[in-house]
Amino acid sequence: MTFKRYAGVGAGALALSLVLALPALAQTAAPEAATEAPAAAAEFASAKDTAFIFNTLLFLMGGFLVMWMAAGFAMLEAGLVRTKNVSMQCLKNVALYSIAGIMYLLVGYNLMYTNVDGGFFGSFGVYGWPASGTANEGDYAVASDWFFQMVFVATAASIVSGTLAERIKLWPFLLFTVILTGFMYPITGSWKWGQGWLDAMGFSDFAGSTIVHSVGGWAALAGALVLGARRGKYGPDGAVHPLPGSSMPLATLGTFILWLGWFGFNGASQLAMGTNSDVSDISRIFANTNLAACGGVVAAILLTQVIYKKVDITMALNGALAGLVSITAEPLTPGPVTAIIIGAIGGVIVVFAVPMLDKLKIDDVVGAIPVHLLAGIWGTLAVPLTNGETSFGTQIIGILAYGVFTFGVSLVVWFILKATMGIRVSAEEEALGLDKAEIGVEAYPEFSGSGMRS
Amino acid sequence: MTFKRYAGVGAGALALSLVLALPALAQTAAPEAATEAPAAAAEFASAKDTAFIFNTLLFLMGGFLVMWMAAGFAMLEAGLVRTKNVSMQCLKNVALYSIAGIMYLLVGYNLMYTNVDGGFFGSFGVYGWPASGTANEGDYAVASDWFFQMVFVATAASIVSGTLAERIKLWPFLLFTVILTGFMYPITGSWKWGQGWLDAMGFSDFAGSTIVHSVGGWAALAGALVLGARRGKYGPDGAVHPLPGSSMPLATLGTFILWLGWFGFNGASQLAMGTNSDVSDISRIFANTNLAACGGVVAAILLTQVIYKKVDITMALNGALAGLVSITAEPLTPGPVTAIIIGAIGGVIVVFAVPMLDKLKIDDVVGAIPVHLLAGIWGTLAVPLTNGETSFGTQIIGILAYGVFTFGVSLVVWFILKATMGIRVSAEEEALGLDKAEIGVEAYPEFSGSGMRS
Amino acid sequence: MTFKRYAGVGAGALALSLVLALPALAQTAAPEAATEAPAAAAEFASAKDTAFIFNTLLFLMGGFLVMWMAAGFAMLEAGLVRTKNVSMQCLKNVALYSIAGIMYLLVGYNLMYTNVDGGFFGSFGVYGWPASGTANEGDYAVASDWFFQMVFVATAASIVSGTLAERIKLWPFLLFTVILTGFMYPITGSWKWGQGWLDAMGFSDFAGSTIVHSVGGWAALAGALVLGARRGKYGPDGAVHPLPGSSMPLATLGTFILWLGWFGFNGASQLAMGTNSDVSDISRIFANTNLAACGGVVAAILLTQVIYKKVDITMALNGALAGLVSITAEPLTPGPVTAIIIGAIGGVIVVFAVPMLDKLKIDDVVGAIPVHLLAGIWGTLAVPLTNGETSFGTQIIGILAYGVFTFGVSLVVWFILKATMGIRVSAEEEALGLDKAEIGVEAYPEFSGSGMRS
Amino acid sequence: MKIVMAIIKPFKLEEVRDALTAIGVHGLTVTEVKGYGRQKGHTEIYRGAEYAVSFLPKLKIEVAVPADLAGKVVDTIADTARTGQIGDGKIFVYSIEKAVRIRTGETDGDAL
Amino acid sequence: MKIVMAIIKPFKLEEVRDALTAIGVHGLTVTEVKGYGRQKGHTEIYRGAEYAVSFLPKLKIEVAVPADLAGKVVDTIADTARTGQIGDGKIFVYSIEKAVRIRTGETDGDAL
Amino acid sequence: MKIVMAIIKPFKLEEVRDALTAIGVHGLTVTEVKGYGRQKGHTEIYRGAEYAVSFLPKLKIEVAVPADLAGKVVDTIADTARTGQIGDGKIFVYSIEKAVRIRTGETDGDAL
């Protein structure tokens, strides 16, 4: 009986007395922990405990689904950059997820959620939780909440990496990630989700069309402007030279991973699953989230067929994601047909915004700005269409606040990085590819390709 | 505390008054919703509510696992078609999943589940659910059930795309998907799962060996016959010229994704998780589902080694899926050793049926007909071996009914599509590959390959 | 209403009377099953039932997450072997997972968990569980526990396949898998998790740094020694000739899959989720598991930058896994900062151990020995740093016991296999690649590559 | 001795190989190449931007033959590789001074 | 007739093609090759072990032209493919005795 | 000047390159090709159907050398690339009229 694995450890408290190293870092169980056991032995389940478990389980499931989105971004971006930059893109995604986790523990969480009180940011300090073996107060386990919030900040950082691919140096990118995940995202996140000033005003963003996606998009846009376009993307005469992505199946896989993860992203943002009403709402969110993505795909397919006479698979994939971003600000109140329409408008935005950005010579390698920034704005604006507790005015104030702060601060940070360590590889390194030039490991070393297109 | 994100929204009803557009499409919360809160405040958890949450959670988890199978089909098919058709195959899979979701909302669900009453189909009409913030009557949240049923219909459509790959035009394929997911699958689905005539007769198909997999297989078979084989596959003298798939790791990944998703497919088809008995049954289903797949793999490996002196990885992958399809009609009543045997027979079917189809010059690119149609029939026939409430006679009637209807209607639809818009690309386009000819985006644009095999 | 699918089957017992074949293998429901229904109808949920469902659900969720790790190993290894051996590596991973499932049913589970009683192994015999429709005694469903334990044994076998890639023959590898998963792993597993002698001594290994990962690593090390290095890897003069892996995105994908699966691996090893305290512990485990992986990545990135002046993506990926293995022996008692440090030390181990093994001419294709064996030892040794109920002495005894037994028996088995059927392909076959030589299906048949590196 | 070097459409390879075998040529070497010529390629659209695909996949065949067989080889390739559509390719012939079979060290005529 | 065969750096292809078109050469064939020469490659580190990358990606261009145009083609390629950095590549010229356009059967000058 | 063009088995490349370097040849160009010859390939089985793999991976080496060195180059390649097994490949030699180093514009002997 595996259940007995833990016979020696018991259901009671772990009286931790750290014998050797690191004693300050380990945690001691509060003695009250032992009082939890009797409750479980009662004939009937305690309503509070049952709800506590369901709520925590929601965070854990939502958390691992959103964690999985890190793989989705990695695959999507690996598929949409050219072969010579694929290893680098994979590395950046693994690294940024890791940095986000650490920074959000060391700085971010408290900055976002502790003592915001209607203000502009919280406290500084490493986050932590009660020691093992103890029961938690409140409606869910503290660490599950941290885990769930942490994976969101990683999402914002992933968005930046896609736009700036194929020309940014590794280290300045990682430094920006430190700042974004440790400071910028938590500060603006506190405004709404930490009960800061925008929450007090009534701004509404259920799962983060603005707070997560647009924030990533604004940071990416600032980076794209400071960094400049990839060499060869724009001709002197305004011509746009496409640089097709290396692998459509990886891009497709990445999109499906993100789609799957989004059920955690939106569904678990209900933040409670312990009542009929809550789990019914989560169900609505699942259905609406899926339908918005379907709407985005179908809109992108129909529109590219009509405009270009050929369906563009990358637009269809972007359309799915734009549909998902669009419904993220309010996945609960729309009816299912409305959800399809909200998502479809996201898909339309992508189809028009991608070439528009090219006209402006803003080189966004994977389409992150249309998908996350523009569809994020649309989704946030659409909230009052179905949620009567919100107003267009407040939504616009929120959108502007997030935009001004994130775009502004990002611009400054990118400029400082550019001025100090430099952010862009040399022309030669760019031609050679970042895989060889920066990290010395090719993505497909036996693929002899000079990168010449057929 | 993130929990407070929703402080302004509250646990109470959302008084939705839509200010601007789309008012008819949004939903208004019933006032009773507010009465849910007190229940959660009770000292003990309500048995009904707890079971409700567990049941709904089962649908949500099962639903996201089966949704993930869409990625599995996409990767499996991307891996088993030639390089020049990989983008198209990815696009088709993203598109069909999206179409299935929308059609099942607009038409399918009601046609399958509403007012069937022992008959042959249900009602027409867009499906919907109570507005956000309200509790749901019944044993599970309405939207979670819709979500779970929806992902099944997408599975059926995925099966068709694999068989017909590399030569079918995009748009007629998508039109067929509209008909299959909006009408054909829901109509036949109603016969059993919607409590139609076959359910009344006692036909048994736990999670859909026939209702989902064989239906997909019959539609695929009809398509393959009308469409004809890929050029170059069959020589004039009866010779078979293999056209090896482009990527074994993608095919392997797809198979593992499907395997994972199948725990949702079969496990959540228990439809309830709120009792010891139900969750124990789900556990049995998980174990049996896994063992059947293991049996299919081992059978295929041993058999290809014996017959061909070399293990064929594509047969091993097909064997896993055939094992899974075989156990799907009855994953609960067999003991674990029986489950291995049922799955192993599925693996044997694949090894013999794949070359048999080639002899009949039925060109099934990914082996979907052996895996889904034939193993589906086998699985359905095997139910009475372990489930005493069923009979071979009724099972055969069910198998025939699904076959005659789906194969017949599919043939008609394919012929109409062929006669009107044409379903097959030209010889030149086929030689060039659908990626270039139909959608203009190559899967691996830097891969210079002429497609010549070494 | 899909819920009615099962109207004919009911909530009651399934009176199974097997009409035809296999009657002995099917299971008959105990009549007591019917008594379950009334409980669900009670006004309040039974505490015992609710905890039972939560515990079982934990095993099921944990189980499917760990099952998914099979895909992770397949992709990681496919990415880290050369193109000419990719199909074989995929085949081996599908096959070993299937064999593990069957062997663990036929032999392993009882050998590990039944009647160990402080001794050295359990009983022989096929495992099974009560028939469908019955409630289960105890704290969780029997089959869910089997499923969860089964996926662990598959993990151990996956580790071996990575180290020995690119030169071992298929069939001796599969035979070794039979022995490892049916006998070796269950015997040593019984020492601790089956309440054998090491459990009695107080050895502690929460989720298997030693019991799963080091065991896989020892078996791999023995195999690598008996098998010898790949031709061309080591020059006569002590030179090391890297043979870069075929696909960094697949390796990255595999790493992310493993990372995701690890939440099930560690989280569900809490073995209970029915109380506030348990689910809070699971939450801590999720957070710590993630942070340890982050620590491993960041350590590997910083260290390779400092030592080699270039970040090595394969080291970063190995670092993530080493972080995960390191925290696996005790993911609960460390505080979050300690978890980062424990994982980071795992990352450091990888960066130094990979070239060290090369110096010893031990050819470990994917780095499984540093990641699973060495980081596994480190993690097991680190337990007493934060868990006061353990001692370094006992931990060392445990580590040695697992090492001596598994390495010793593996050596013997590998030697016997070598002497009887031979374990290594010929030089010609190795040069040609196992895909062509052994299984006759290339991974990417249209990729013309001679394997020449640019 | 001559080398006959032909640029052909990829899907014609098997046919050409069979025809050459039929006239007694038992060895050849094939290279995947990209061709640019009168067959102008096409424009594609990727994410809303047009681009010209001007290099098309072709195969290059090289056959070393005794001088007297060269004409027949040229004719055979020309006949079997012809579709009549633009882009069928070219055949070039040039002289080689020496040929060696590596395995045996045989030279010239014996090496082919 | 001559064939001008040039080994160039891959990113110079478009420029060379345009320059050749400008002087009236409307067809060429390109092959992806690996070059070894004075440009010595570099050492890489993979999992802690160094290795030399000595073969670098290059493109081989083959252009068949009437003899009188060969010099101009050589000069044009040399001028446009030059970066002045080591590894720019080589141009070789040799004679062909026959050229055939497969589509029409035209030969020699007419075939180009 | 001559070009020595050799078709060899892929795994012999490093050895041949080293041997050529030893006799003073410091540049060459390699192409991945497929060969068809006496070495007949093999039949494979994919999903129950047999098929012949008749084109085998080979490497083509091209080395431009002054005429007087050509013989030595041929011998060196022949010696190092030989395994004695069928399929070892061929060496062909032909003359070139001109050689240019793109970087410097040097010609002929100086360009090699």
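By written order: A, B, C, D, E and F. Residues from 1 in each chain.
Here, a contact is a pair of C-beta atoms (placed from the backbone, for glycine too) under 8 Å apart; a residue touches a chain by one contact, two chains touch by 3 or more.
Chains and their UniProt names: A, B, C = Amt family ammonium transporter; D, E, F = Nitrogen regulatory protein P-II.
What you see is a predicted model, and the numbers here were worked out from it, not measured in a lab.
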Keeping to the contact definition above, tell me which chains border both chain B and chain C.
A, F
When C-E is set beside A-E, which has more C-beta pairs in contact?
C-E
Taking each chain's centre as the mean of its CA atoms, how far is chain B from chain E in angstrom?
52
Can you check how far apart chain A and chain B are, centre to centre, with Cα atoms defining each centre and the answer in Å?
29
Centre-to-centre distance between chain F and chain C (centres being mean Cα positions), rounded to whole Å:
47
Of all residues in chain D, the ones touching two or more other chains
30-32, 34, 44-46, 55, 57-58, 94-95
Would you mind listing the residues of chain B that make contact with two or more other chains?
44-46, 49-50, 57, 61, 244, 247, 253, 310, 312, 314, 440-441, 447-449, 451-454
Where do chains touch, given as pairs?
A-B, A-C, A-D, A-E, B-C, B-D, B-F, C-E, C-F, D-E, D-F, E-F
Give every residue of chain C touching chain F within the complex, in rising order.
431, 436, 440-441, 448-452
State the interface residues of chain E toward chain F in the complex, per the touch definition above.
2, 6-8, 31-38, 54-55, 58, 60, 70, 74, 77-78, 81-95
Residue set of chain F touching chain B in the complex reads 34, 44-51, 53, 55-57
Touching residues on chain E, where the partner in the complex is chain A
10-11, 13, 30, 32, 34, 44-46, 57-59
Can you list the residues on chain B that touch chain C in the complex?
44-51, 54, 57, 61, 65, 82-83, 113, 138-140, 145, 148-149, 192-193, 195, 199, 202, 204, 244-249, 251-253, 255-257, 259-260, 263, 267, 269, 271-277, 279-284, 286-287, 290-291, 293-295, 297-298, 301, 310-314, 316-317, 320, 332-338, 340-341, 384-389, 391-392, 447, 449, 451-454
